[in-house]
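Notes follow the structure.
Labels A, B and C are assigned to the chains in the order they are written; within every chain, residues are numbered from 1.
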Amino acid sequence: MHSVSIRSLDLHFGAVKVLQNLDLDIFDGEFLVLLGSSGCGKSTLLNCIAGLLDVTDGQIFIKDKNVTWLEPNERGIGMVFQSYALYPQMTVEGNLSFGLRNARMPKAEIAKRVARAAEILQIEPLLKRKPAALSGGQRQRVAIGRALVRDVDVFLFDEPLSNLDAKLRADLRVEIKRLHQNLENTMIYVTHDQVEAMTLADRIAIMKGGQIMQLASPAEIYNRPGNKYVADFIGSPSMNFLEGMLDSGRFTTSGETLDTTAYPFSGSTAHGPATMGVRPEHVATGHEMQSLPIQADVSVELVEPMGSDTLVWTQFAGQTFRFRMDGQAEVAPGDTIRIGIDPAKASFFDQKTELRL
Amino acid sequence: MTSTDARTVEAGNGSRPPNPLLKNLSAKIASVPMALTALVIFLGCTGWTVVHSFTSSKLLPKLDFVGLDQYDRLWSTRRWLVSIENLAIYGICSLIFTLVIGFTLAALLDRKVRFESAFRTIYLYPFALSFIVTGLVWQWLLNPELGIQNVVRSLGWESFSFDPLYNPDIVIFGILIAGLWQGTGLIMVIMLAGLRGIDEDIWKAARVDGIPVWKTYVLVIIPMMRPVFVTALVLITSGIVKIYDLVVAQTSGGPGIASEVPAKYVYDRMFSSQNLGQGFAASTMMLLMVAIILIPWAYLEFGGKKRG
Amino acid sequence: MADVTASTNGNGIPATGLVEGPRGAKPKRTFSRGNIFLYGTLIVVAVYYALPLWVMVVTSLKGMPEIRMGNIFAPPVEITFQPWVKAWAEACTGINCDGLSRGFWNSVRILVPSVVLSIAVASVNGYALSNWKFKGSEVFFTILMLGAFIPYQVMIYPIVILLREMGLYGTLWGLVLVHTIFGMPILTLLFRNYFTSIPMDLFKAARVDGAGFWGIYFRVMVPMALPIFVVAMILQVTGIWNDFLFGVIYTKPEIYPMTVQLNNIVNSVQGVKEYNVNMAATLLTGLVPLTIYFVSGKLFVRGIAAGAVKG
């Protein structure tokens, strides 16, 4: 059963087409992350689901009910915002109960729900405080609580952790994940942070220009990116790209010819102009590389030590190439290192369509 | 169940089925006073006056069109010409002095001055006063027998002469002094806000580069404050055109007609001498003056960028 | 160059021979030439601005003989409050000789409803314009903003006709309506800018919580906007109190506001000029806005700056 379904959704702001013919089905209890750089339409899509923006065309279903024209509060959703959006003049308790009071719910029921949400989020001691007296993390907890008390099927998160500092972000990330495991609600989560996306999501939808580029599990997106944009977007440091020609199991780039027979091409015959993508962490050195079909000697240009590992900048086949080494490895600019690449872990893209081959 | 085609919604604020008119109904009802003011008063009344300026209305408005007769008469009336001349002199001087004094005071106060708020309070308090109060105070200060002139003479400078309110040639400067006294504080505050809005790092960079303070102001700060200057300019000019109360209180347009201004001409024609047609024509001219100042500004400010 | 190498010994302590020379806090001269110029200018200008207020006060406390004798800047030799009493309770306008008190109370009666009504209308306008845009709302706003620049003289006569048709011409409520209308552009702008600066997320959250137009206005927006309401109040109280033109056009002599009555008292051609009474009357009229100004201080500045800079 689908929790949220979106059918050929269009949203135009005047002449600007923010969302175009978008389809998306979200399963019951799924944690779906909408990921993309700013302006890709991910927040817009979330606002459409929430009913905060009127769609130009298409339909939205929540729990198999057409909610396209319903008001936000009639849709059975709860929403958490980036800026917390707590009502500053109300106490935490007032913030949590505002929606329920608007719905004219009996006082006893309101108190029960507020108490339960406060318990789940461990904010009971804060109930009488105003938002101004809370820390960033506490505020975001209250914001989550506001969605929680509504007792809804679908939670919408609009970049909820972006305003927090790095450590708090990591803590709250885990908490949201735990919350999802306990509640088993459907959650739709918008972010531009790929770490958040990878760690939280059951499935990730990567968006660009108002369209979904790929919708798949985090592992699939990381290992088998559907197109060059996704490949470039996911992974830090990002993937190396080598431009060249594919011809019957061989990839020729700037004079170097690489053996690609180990790569699982989806089509039967792959030839023509192509881009080879290699993740920096998939480049082997030392004894690991000896068994790999592609090997080369490269000269180190720049070294970026990061503690746990070290990023090395070189030239390969006349193009900039980065790879990752162990943090303890001793390398200096000028050194020559022999590297190995496993074509099975690489990705090939058609140069014209940029789709995975 | 629901057809989704052929629905158009613009910029998230447009109509939405089932009934586009009922969407945002409360907001629309709440906006009725604003809509009425905009349409009936600002558009309607202005249009009404412009139309009636082409009629021969005297005691009562009537739609008896006489072309540009009222304007011909207006521009051959000495009192109107004096009004326009006064407005021009007052306007140009007021603009220059207000901007220069306002900016200088703001720049001085921005030099991390002690008792800054005390100074600022003193410079700004005249702005809180009514033009009537300002006019009457300066009428008293400029009183030739008992005011400043008398004080200076009694100090020994017997030939000292400073009686602008009684000298038709310079009466407008008497009004200007009062006007500046009241208005410069506002411009100072706006300029000060502008100066405070400038990134501290600009000053640090200028210090590292060894640029003298005055040069930093002229070459870096003032160009950066262009929007503030434009705002100040618009504010001052729209205030200048409206000048009325100050003249009424300080000189009543005298001596003779030496300190008449257009706004006073309009009022007197409409409500004292029952010559509505002249009043309408004169007020339309005032509207035209504002338009001449405003349109280039609006073009520069908003012409380039479109709503996005 | 040799100094550089010798400047520190192994412990990083300056080597001997270099201890003299600048060290520690740079000495500041309080009476540098720049400072004298700076404070000199500021003080001279302050005196220029303060002088009229001083003259008003001292003149209003002198008797007429003393005024005729002496220097307008001199403090009173013999302080008398008679001019204040006379200005408040006895000064004549036309045939009425009950002083400025009448104008004062008229102004209060005009002020209170005008301020309440204009702020109520404008705050709702600003709220609707920033959060509930509908087709045409921006057009109205643009007209409103342009309207702020139209000289009042262009609109005053048709408004007389409109008010007469409504039976409000010459009445207090007619003037209240006029103040509400002409206060609308600046106040609407003030509130619109303020409400626009409130994060959109808050408004969205309230909608998800099921609050409607008025619910969000009264329960979320108004409680947050209290400072801007105070600013608007300051703006309106001083503006309406100081108004002269509308008072003279749209009211009758019995309900003339204080400014109009003041002008009539001081500029009346009959009788002997009593400068001390005139100055007392002038001060009395200026007292309300001055009090607001000196009490509210920063908020007053914020009001005019917010209204002006963003406009």
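Following the convention adopted for this analysis, contacts are C-beta pairs under 8 Å (C-beta built on N, C-alpha and C of every residue); 3 or more make two chains touch, one makes a residue touch a chain.
Computed from a prediction, not measured in an experiment: that's the story for all the values here.
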Checklist outcome for this item: If you tally C-beta contacts across B-C and across A-C, the winner is B-C
Next on the checklist: With centres defined by CA atoms only, which chain is the most remote from chain B?
Outcome noted: A
Checklist outcome for this item: When centres are defined as mean Cα positions, the distance from chain A to chain B in whole Å is 54
Checklist entry - Counting in whole Å, what is the centre-to-centre distance of chain B and chain C, each centre being its mean C-alpha position? => result 15
Checklist outcome for this item: Between chain A and chain C, the Cα-mean centres are separated in Å by 52
Checklist entry - Tell me, which residues of chain C touch at least two other chains? => result none
Checklist outcome for this item: Touching at least 2 other chains, the residues of chain B are 10-11, 14
Checklist entry - Residues of chain A touching chain C in their complex? => result 47, 50-52, 71-73, 77-79, 81-89, 98-99, 102-103, 143, 146, 158
Checklist entry - Which of the residues in chain C come into contact with chain B in the complex? => result 38-39, 41-42, 45-46, 48-53, 55-56, 59, 67-68, 71-73, 121, 124-125, 127-128, 132-137, 139-141, 143-144, 146-159, 161-162, 180-181, 184, 188, 212-214, 238, 241-245, 249, 259-260, 262-263, 266-267, 275, 278-279, 282, 285-286, 289-290, 292-294, 297, 300-301, 304-305, 308-309, 311
Checklist entry - If you look only at chain B, which of its residues touch chain C in the complex? => result 10-11, 13-15, 23-24, 26-28, 30-31, 33-35, 37-46, 48-50, 61, 105, 108-109, 111, 113, 117, 119-133, 136-141, 143, 146-148, 150-151, 154, 181, 185-186, 189-190, 193-194, 228, 231, 234-235, 238, 241-242, 244-245, 248-249, 252, 262-263, 266-267, 270-271, 276, 279-280, 282-284, 286-287, 290, 294
Item to check | Interfacial residue positions of chain C with respect to chain A in the complex | outcome: 199, 201-202, 204-211, 215, 219-220, 223-224
